[in-house]
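Both of the next two complexes hold chain A, though its partner changes from chain B to chain C.
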Partner chain A sequence: MGESILATSGVTKRFDGLVAVDDITYQVSEGETAGIIGPNGAGKSTFFNLLTGYFRPSEGQVHFKGRDITKRPSYERVMMGIARTFQLVSVFDSMSVMENMMLARVRQGQDYKSKTRFFFKNAHYRGLEKECADALDTLGIADKADALTGDMGYGEKRELEIAIALSLNPKILLLDEPFAGLSLVDIAHISEVIKKIKGQFTIVIIEHKISKLMDLVESLCVINEGALVCNGNPQEVICDAKVKECYWGKEDMVCY
Partner chain B sequence: MINFIQSILYGLTIGGILYIISIGLSLTFGAMGIVNFAHGLIYAVGAYALYTVATLLGANFLMGAIGAIAVSIPLAYLIERFIIRRLYGQSIDYAIIATYAVLLIGADALKWFFGASPLPISDPIGKLWYFGGLQMPAYRVIIIILAGLVFVGLSLFFKKTLVGKIVVAGLQDREAVRSLGIKVEKYFAIVFIIGSALAALGGVLYAPLSTLDPYMGFEIIILCFAVVIVGGMGNLRGTAIAAFTLGLVHSLTAVYLVSSAADAMVYVVMAVVLIFRPIEASA
Partner chain C sequence: MFSKIEKSPILTLALVTVLFLLYGYATSLPKITDFIIFCIFVIGFDLLYGHMGQLSFGHMLYLGAGAYGCGMFAYHVYPDPFLSILVGVLLGAALAALLGTVVVKTSAAAFALLNLALNEVGAYLALSPLHEWTGGEDGLSLFFESYGWVDFNDSTFRFYFCLGALLLVILVVTAFVRSPYGILLKSIKENETRVKFLGYNTFVYKYVTFIISGAIVGFAGALTSVNLAYCNTSLIAPTRNVEVIFAALMGGAGTVLGAVVGGTAFMTISNYLASYIVRWEMFLGVALLAFAFWFRKGIWGYARKL
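Showing the complex of A and B:
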């Protein structure tokens, strides 16, 4: 594995009295595909939101490629290469699929830097249509390019959301429960997509059920009640006694 | 019958002006969750800028309108930059207190400069147009047409331009836009200024139908909140429909019920809509 790409040191996030993330020190290595699991309300999404800049930590720092990014806003972190998807799919329902893709390219072209762009559809837009169609093709929704996003099924929206994140040229991709709310067919499909793209850049996946992650990730971290319980090789983590106590007690999982 | 059609046309005039003023309020409310009372000040400043240019300096009405918009833009910029921007992500109470303070201070400043007594502005066209047996001040017809143009212009703006597209996306989900690397507040600020310029235009258009007084912003802002609540915060088409509907309610109540109940009736409609509208999941 390569060097650390994204790391936290002692991050804590409090909401009034509640400690949602409690002193987590964590790191992902370049090129790795990592999993984060934990029960409902454990603080996984909040931890992600500290990584992406949606929240500022109450304490602790976030580092990206050795740089302290704790105070950088989320849109700047995206430009550094930290892309994400949300637990609840967030794509723009009132626009077509292609327009959603193009919105993601607004800051990617040269065009943005010149700051002269007035119309949404300009020469730049037309030039990128092919590229975006290819990205949609990776997710298997190329035929939907002109569909209204609001008319698509939840699974297709999730695919679009991932296509959008991919088109941001990420160095690290953070997926918050990408399988949540999907049918088995869609889960298998998204799983295939992740297998296809993994290795090209670093990926961190939050999941609820460990079974969906086992054949995807090289490392696994468990969060419970805001704190990091353990982190390491997935097989070992599962068998860790502490994990069994806080997690599988409820879910009845067996050791691999 | 003639009388009825005439009150409808009068209602559309009020509706058109309400629409032009409310659109900015609706966008700031819907996009940033900020209740902006300072919007009423921009409206009043627009009217007083018209008075200054057209009456005090003796230029014509059109120059006054241009002057009003020209004054509103830097004023809106300052309000956005130093007040609204600090309220993002804060509790809505702070927004109400801070922007209400701006409205109060601004209104008192207007009183200080221009005095407390109402100032008249005369109808810039002063002609009646006849359609069959119907007579209608040309100025009111022009207001209705102008409101229609603003609606079409804004629709195109939000459909075709980059800023418009980003703001529409931001109205749905701010954080999702940021997660594309876009500093969405910057685009909201542009739209805030456009909305403010429209409020100033509203002040200009309404001035000849009424009189200026330093506290005119307080009156209009409450009516505009009714429009925004009925039309849905950040809902562009809803705001237009609500503005024209409430304008009609206002005018028809004044003619057929009691003229003093016209404002009250607007709030009755707002209350009825609030009672019967299903609560949106996101709210």
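Showing the complex of A and C:
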């Protein structure tokens, strides 16, 4: 495995006395696909929000490629290469699928750097439309380009959100429960997509159910009640006594 | 049909020109000049409200800044109409740039009320402490130099000049709406937090939009001064904020042509209905209720689908 790309040291997040994330020291190596699991309300999403700048930690630091980014706002982290999706799909329903894509693509290229182009050039020109259509095609939703995003199904919106995240030139992609609320067909599709992009850059996936991650990730970390319980090889992690305790209670369970 | 017109800038400008010419020559040019200037005001206001989703209760402040900027320059410095208008626009933009540093950090109700509060302060300053410059309650009577046929004392020239100004503003704002910046505005309106996760520093763009809005509204204010050949405190009166909000809602917030339709409709009602019904505002109130409950998209929101 490569060097650490994203790491936290002792991050803690408190909300009026509730400790949502409790002193987590964690790191992801460059190029790996890592999973984070934990029961509902364990603090997984809050931990993600600390990594991506949605919240600022009450204590501790976040490092990206060795640089302290604890105080960097979210939009700067995105430009460093930290892209994410949300647990509840978050795309712009009032805009067309193409416009959603354009907004993400434009920020990465010449249309943003040149302010005359950004403010005055018609966004619907062939070069950008082609680029966006290609990006949509990787998720198999190119035929929806002209549809209003609000009219799409939930699965398609999640595909769009992943397509958007992929087009931000990510060095690390953080997926917050990419399978939540989806049909089995959509789960299979998104799982395929993740397998396809795996290895191109670092990926961190939050998931609620262990089973969906076992064949995707190289390392697995378990969070419970805001604290890191266990981190390492997935097979070893699910056999860990503490992990079994937080998932299934104190009784002994058979490893599978 | 209308949606096709809206997509082509040339057709849009042609339609607006023809309709205002017809309206102007069928009624009276000076009156329609007022309508046109008001439409510019609505477009500037709607850039913030309809396109970016921030409702300001205090945009009369920027109209006043434009009007007084233009008027004070012409009165105290030099009565060149073009320089005076330029000073009005710059004062509107500069005031927005100054106050925007604080105002833009707020949103929703706080944004609306903070703007209103600042408007109250501005109106008071113009009325009393600065009365030596602004003419206080009496206002300033203005005179502008004329150069050959460029004569701002001629109401026909003023009509064409203001129509040209409206076309220019429509052209620029239409370009904004179609550009990546326009898409960004729409996305900020829907979910600002999410936009930050696409790498955009949203504060900067909200601030820039606030300044552009201030400049366009200041432009409308400067034209008002030129058109009326005076400026007084009615051009900065906070109570008149409701007019522009009504107009934007009526026309259909979030489209450039909607702002023009709304501005014209509002001015038509307030000018013509007033000669038949003394308390015409009541009619306007009922109309607004109808728009709020049944016609959310405004006149243009429905007409463009025809």
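Throughout what follows, the second predicted complex is superposed on the first by the 240 of 256 C-alpha atoms of A that agree within 3 Å, B and C clash if a C-alpha of one lies under 4 Å from a C-alpha of the other, contacts with A are read in each partner's own complex, and residues count from 1 in each chain.
We take it that a contact is a pair of C-beta atoms (placed from the backbone, for glycine too) under 8 Å apart; a residue touches a chain by one contact, two chains touch by 3 or more.
The shown structure was predicted, so the numbers you read here are calculated from the model rather than taken from an experiment.
Trainee: Mind checking the superposed model to see whether chain B and chain C fit together on chain A or clash?
Mentor: clash
Trainee: Just to be sure I read the superposition right, which of the two partners does A:I210 touch: chain B = first, chain C = second, or both, or neither?
Mentor: Neither partner.
Trainee: Considering only the touch criterion stated at the top, classify A:L168 as touching first (chain B), second (chain C), both, or neither.
Mentor: Touch partners of A:L168: chain B and chain C.
Trainee: Which of the two partners, first being chain B and second being chain C, lies in contact with A:Y75: first, second, both, or neither?
Mentor: Both partners, chain B and chain C.
Trainee: Quick check on the superposed pair: does A:H124 touch chain B, chain C, both, or neither? Answer first, second, both or neither.
Mentor: Only chain C is touched by A:H124; chain B is not.
Trainee: Would you tell me the residues on chain A in contact with chain B in one complex that are also in contact with chain C in the other?
Mentor: The overlap between the chain B and chain C interfaces on chain A comprises residues 52, 54, 73-76, 78-79, 83-84, 86, 90-95, 99, 103-104, 106-108, 117-121, 164, 168.
Trainee: Would you pull the chain A residues touching chain C in the complex into a rising list?
Mentor: Per the touch definition, chain A meets chain C at residues 52, 54, 73-76, 78-79, 83-84, 86, 90-95, 99, 102-104, 106-108, 111-112, 117-124, 164, 168.
Trainee: Hey, which residues of chain B end up touching chain A in the complex?
Mentor: Within the complex, chain B contacts chain A at residues 160-162, 164-166, 168-169, 172-173, 175-184.
Trainee: Touching residues of chain A toward chain B in the complex: what are they?
Mentor: 52, 54, 73-76, 78-79, 83-84, 86, 90-95, 99, 103-104, 106-108, 117-121, 164, 168
Trainee: Can you name the residues of chain C that touch chain A in the complex?
Mentor: Touching chain A: residues 175-176, 178-184, 186-187, 189-191, 193-202 of chain C.
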